[in-house]
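The data blocks that follow each hold one structure.
Each of the next two complexes has chain A plus one more chain, namely chain B in the first and chain C in the second.
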Partner chain A sequence: MRELNVEALARVEGDGGITVTLDGKKVKSVTLDVHEGPRLIEQLVKGMKPEDDLNVIPRICAICTLSHRYSAIRGLEKALGIVPPEKAQLMRELMMLGENVESNSLHTFLLALPDFLGYPSAVAMLNDYADDVKRALRLKKFGNHVMAVTSGRIVHGENPIIGGFGKYPSKKSLEEIKLKSHELIPDAVRDVELFASLEYPTYSEAETVFMSVNAPNKKYGYAGDSILVSNGKEINAEDYKKLTSERVVSHSFAKRSLYQDKPFTVGANARMVNMGKRLDGQAADLFKEHFSHTWLKNPLYNNLAQAIEMLWSLEHMPDLVDEIAGLDDPAIVQPTRLTGSGTGAVEAPRGTLYHHYDLKDGLIETADIITPTAQNLDDIEKHMKLTAERMLADDKKDDEVRLGLEMVARAYDPCISCATHLVRLKRI
Partner chain B sequence: MHKLRDAPGEAEADLKAQLESIVGKDKIYVLGLGNTDRADDGAGVLVAEALKRLFPNYSYSEHDGIEGTVLDISEKREDATVFIIDASDVKMSPGAVLLVRKEDIRETEITTHRVAVALMASILEKAGKKTAVVCIQPASITFRGEISPNVRQTIDMVVRVFAGLIGARR
Partner chain C sequence: MTRQSPKIGIYGFTGCAGDQLMILNCEDQLVDLFHATEIRSFVMAKSDNHEGELDVALIEGSISTEEQAKRIKEIRDRSKVLIAIGTCACHGGPQAMKLGEGKFEEMYKKVYGNAKITISKAFEAQPVDAFVKVDMYIPGCPIDKTEFLGAVSKLVAGRHPYLYKFPVCTECKWKENPCILYAGRFCGGPLTMGGCGAICPSHNLPCVGCWGPTDDLNVPSEYQLLKEKGYKPEEILQKIKKFGGGKVAQLVKDLEKKEAKT
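What follows is the complex of A and B.
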C-alpha cells in the first residue's frame, strides 16, 4: 500500500492537495484535500443590513469579487422586492464580461497552458512563448479595466449596489471599452486557435451532468433566474438546494455537492454544453468548428471552452456599450418590502455561484453561499480517480500520474479559498 | 540579498545607497503589492499609493492592475528600474527591510489571484528593464487588522527614500 501525493497543488487559488491511495496498481481512493480553514462568512453577515453585506461578501474572493457581489445583489433585490432598472442590468452584464475576460485569460494561459506545453510554469514558458504570455496579460489588463470602469475599482469595487449603480460611467469611458474590445478580438481568436490545437489527454473521460444558469431571452450569458441541467431539466434558481445537496467529508474543509446522488460539473464547459448554441459572432463559428461529444466527457476541454467564452465576452461588449450609452442614468430603486427571501444565481468564471438570503425586518436572518468549486469537487475527484486508474494501468510513472491529476484539477479552474480550499499517492 | 541595518537612520541611508547602486541613472518605477484588508500585508500598496500622489506616472499599486502596468513599462523605450514593494515573511524583525535583486527572486507560483513576481520580473528583464524587490517584514497579516507601528514607520521611511530618488530622475 502506498500514497502518491501532491502536497500543495500549484497554480490554483488556495491551499489544497491531492492524495491517491494505491494497493499495487489498484487505486483505492483519490481525494482532493482542502486545507484552508472555513471562513464562516455566512455567519458573519447574520444580523447585518443588506447594504453592509455587500461590503463583506466580495471579500470571499478577489478574482470573482464581482460575481460574489452580483450574486448577492440579485438575491437581496429579490428578497427586498426590487426590480433593477434596465441600465443597471446592462451595466452588471458588462462588468461580468470584464471579469470573465480577466479571469479566463489568466487561467487558460498562465495556469493551465504550461502543462500542455511541457513547462513547469508560465515563467519557464516565457522564453519560448513570450508573445502568448503577453497577449494573455493584455487581455487580463483589459478585463481589469472593464471591471474598474463598471464597479469603481479593479478589486472589490463598490459601485454596483442594491437597486442600481452608485455612479454610471461616462460615455467616453464606455466608448474606450468599445474600441479596445474590438481591438482585442483578433488576440482572443488566436487564443482559441492555440487551445484548439492542443492535445487533450483522454485518461479522465467519463460522462457527467452539466449545470449552468439559463441566461434570459435564449441568449448566452452569465446570470439567470433558472438553472439548466444537461439532462434536459430546468430548475428555478430558488430551488437551488434540489441541485446542490451539500455534505461534509472528513478530508476537506469545503462542503461538497451532489445532484441526484451523483457529481456534476459547473463552469465554462457546462455553459458551452447548455448554452453554446446561443453564441453568436466568431465565437459561434469557432464553437461549431471545435465542439464535439468529447467535451461532454473530458474536463480538460474547459480550457478551450474558457478561450471561446473570452472571445464571446469581447465580441459582446460593443453592442452592450451602445445599449448602455443610449439610456439615461436611472434613480436607485428602493425596497418594496423588508422581509422576504431571494436567491441570486450568476456564472462566475469557474461556474454557477448561488447567494441565498432570508431577510426579516430589514436584517439578514440567514445567508447561504454555494461556490462553483464546492459544486465541482466531487466531479474533480471522479475524473481524477479514472485518470489515476488508467494511467497506472498504462504503466505511467508516478510523476506522470501526478501531472495528469493536476491537469484535471486545474482544468476546473478551482478557487479553493472560495470553496474554503491539491496530489498525494498513498499505497496500502 | 541585502539586509539593512536596524537603527532607523542607518536603515534609511542603507536603503538609499543600495537602491542607488542598482538604479544608476535609470528612471524608477514602483509597483506596490499586497492586501490592505490584511494589516501589514498592505505595506507595499500603501507605499505605492503614497508615492502615486507625488509621482502618478511612476508609482502603481495592485489596485491599478499590476500585470497591465508591467506590460506598459516593458514597452517604454527608456532605461528603467522597477522596484516591487511587498510585505514578505523574510524572518526578520517587524518593519525590517530586505532588498532582493532579480537574480535572487525565487520563482513563486502564479495563482488565480496574483501573477508571480518572478514572471513580472522576467517580462521586464526581457524588455531590458532592471528589477528588484523591496521586502518589508510584517508583524501581523490579520484580516481587517491595523498596520503595526514598526511597519508604519518603515512605510514612511521607504516612501521618503523613493520620493527622493524618483524626484531626482524625472
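What follows is the complex of A and C.
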C-alpha cells in the first residue's frame, strides 16, 4: 500500500488537499481532504435579527460574497413576506453579473489556465502570455467595479439589504458600467476562443447529473425559485432537501450531498447543460459552436463554460443598466410578517447556493446553508478516482497523476471556505 | 546600494479568504507586487511554493484546529516579521463572536453530530495572537487595498508602515454624512477601526463593525447612548460582539457584570 498526496491544493480558495490510496496499481480511494477549520456560522446566527444575519453570512466566502448575500435576502424576504421593488430586483441582477465576471475571470485565468499551459501561476505566464493575463486582469477589475458600484465595496459590500438597497448608484456610474461593459466584450470573446483552443484531457470522463436554478421567463440567469435537474425533473427550491441529502465524512469539515444516492454537479457547466439553449447574443453563437456531448462527461469543460458565461454576463449589462437608470429610487420595503420560512436559491459562479431560514417573532430560529462546493465534493472525488485509475493504467508518473487530479479538482472552481463551515446535520 | 527583495509568505487560516483575494484584487499593482518582492509562498495564487525563512509572513484567518495551531507556530519560527491581515486574524472574526461563552462544544455537535472527523481536532476560533507574537495588525473585512499596498511599499523600502488609527466616525465626519446614531439607529462607528472610508454610513446604512474594535474604543459610552435610544441590552451586546471577537467580548462581559450589580 502507498499513498500519493497533494498536501496543499494550490490555486483554489481555501485549505484543502488530495489523498490517493493505492494498492499496487489499484486505486483504493481518492479523497479531497478539507483542512479548513469549522466556523459554525449557521449556529452563530441563531437568535439574530435578519439584518444582522446579512452582515455575518457573506463572510462565509469572499469570492461568493454577493451570492451568499443575495441567496439570504431571497430566503429572508420570502420568510418576511416582502416583495422587492423592481429597481432593487434589477440591481441585484446587475450585482450578480458583476460577481460572475469577477469570479469567472479569476478562476479561468489565474487559477485554472496555468495548468493547461504548464506554468505554476498566472504571474509566471507574463513573459509568454502577457496580453492574455492583462486581459483577464482587466475583466476581473471591471467585475469588481460593478460589485463595488452595486454593493458598496469590492468584497463584502453591505449596500444590498432586505427590502431594497441602502443607496442606489448615480446615473453617471451606471452609464460608466454600460460603456465599459460594451468595450470589454471583444476581450471576453477572445477568452472564449482561448479556452476553446485548449486540449482537455479525457481521463476524468464519466456520466453525471447536473443541477441549476431555473431562471424565470425561460431566460438564462443566476437566480430562480425552482431547480432544474438534467434528468428532466424540476423541483421547487423550497424542497431543496430532496436534492441535497447530506452526510458527514471523516476526512473533511465539509459535508457531502447526494441526489438519489448518486453524486451530481453544479456550476457553469451545469447551467450550460440546463439553460444553455436560452443564451442570446454572441454567447449563444459561441455556445452553439463549442457545446458537445463531451461537456456532459468531462468536468474540465467547466472552464470553457465559465468563459462563455462571462461573455453573456457582459453582454447583458448595457440593457440592464438602462432599465435601472430609467426607474426612480424606491423606498425600502418593510416586512408584512415576522414569523415565517423561506428558501433562497441563486447561482454562485461555482454553482447553486441555498439559504433557508425559519423566523419566529422577527428572530432567526434556524438557518440552513448549502453551498455549491459541498454539493460538488462527491462528484469531484468520483471523477478524480477515475482519473487516477486511468492515468496509472496508462503508466503515468506520480507527478503527472498529481497534476491530472489537481486539474479536475480545480475545474469545479471549489470554494473550500464555503464548503467547510456550513450545513447543519439533519437528524431524523 | 541594491536591496534584496524581501521574501514574503502569504497564508490563509480559518476565514473567508477575502484578504488574500484583496491582494489578488490589486489588479493594477499585482505584477509589480510580484516583482518588487519575492513571494515564496501564496498557495491561493500559485503552485510553486517554497517554505523556508521569510522576511515577512502575512497571515489571514483565525486559528481553529490543532493542525493550524502547529502550523502558525512553525511559520512564526521562520519569519522575521509576522503581520495579521484582516479581522479574523486580528480579532477572531465572526466565528469568534461567542468566544469565552462555553457554547462551542454544543454548537459543534449540532453541526457535525457524533460523526468522527479524523483530519484534525477543532476548537473555537481565536485570533492569531492567542498563539504567536504578532508584530503588526492590518485590520479590515476585507483589508483596504490602499492601506495594504502602502504597508507593503514601506516594508519593501525597509521602513515602518503607517496604519489607520482612528474610528469610523472620523472618516464619516470627513464625508459630512448625517450621524446615524443621533438619528436613533444602531451604528457601530464609534467602536470600529476606521480605514474603510465609512462605506456603510455613506450608503445610509449603519456601520456593522466589520473592521473590529478601534484601539481607543469606548464601549460603556456607546452602550449607554444606545440604551437611551431604546435598544435592549441583549440586542446591543449581540450586535457589538459580531466582529469584535475576544477583545470586545471581554469588555462586554465586564459591562454585563457591572449591569448585574447595579
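In the analysis below, the second predicted complex is superposed on the first by the 420 of 428 C-alpha atoms of A that agree within 3 Å, B and C clash if a C-alpha of one lies under 4 Å from a C-alpha of the other, contacts with A are read in each partner's own complex, and residues count from 1 in each chain.
The criterion applied here is as follows: a contact is a pair of C-beta atoms (placed from the backbone, for glycine too) under 8 Å apart; a residue touches a chain by one contact, two chains touch by 3 or more.
The structure displayed is predicted, hence computed values, not measured ones.
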item: Side-by-side fit of chain B and chain C on chain A, or clash; value: clash
item: Chain B versus chain C as contact partner of A:His145, first or second or both or neither; value: first
item: Touched partner set for A:Arg190, first chain B, second chain C, both or neither; value: neither
item: First (chain B), second (chain C), both or neither touched by A:Arg278; value: neither
item: Which of chain B and chain C A:Asp413 touches, first, second, both or neither; value: first
item: Which of chain B and chain C A:Ile60 touches, first, second, both or neither; value: second
item: First, second, both or neither for A:His107, with chain B first and chain C second; value: first
item: Partner contacting more residues of chain A (chain B vs chain C); value: C
item: First, second, both or neither for A:Lys233, with chain B first and chain C second; value: neither
item: Partner chain(s) touched by A:Ile161 [first = chain B, second = chain C, both, neither]; value: second
item: Contacts of A:Leu137 with chain B and chain C, given as first, second, both or neither; value: both
item: Shared contact residues on chain A - chain B and chain C; value: 10-14, 59, 62-63, 106, 110, 121-123, 126, 137-138, 140-141, 144, 153-155, 417
item: Chain B residues within the chain A interface of the complex; value: 35, 37, 62-65, 67-68, 70-71, 107, 109-113, 115-116, 118-119, 122-123, 126
item: Of chain A, residues touching chain B in the complex; value: 10-14, 59, 62-63, 103, 106-107, 110-111, 121-123, 126, 130, 133-134, 137-138, 140-142, 144-145, 148, 153-155, 413, 415, 417
item: Residue ranges of chain A in contact with chain C within the complex; value: 8-15, 33-44, 47-49, 52, 55-56, 59-63, 65, 106, 110, 114, 120-124, 126, 137-138, 140-141, 144, 152-159, 161, 165-167, 248-253, 406, 417, 421, 423-425, 427
item: Contacting residues of chain C [partner chain A, same complex]; value: 12-19, 21-22, 24-25, 27-28, 30-31, 34, 43-49, 62-65, 67-68, 93-95, 97-98, 104, 107-108, 110-113, 115-120, 122, 125, 141-142, 145, 196, 199-200, 202-205, 208, 210, 235, 238-239, 242
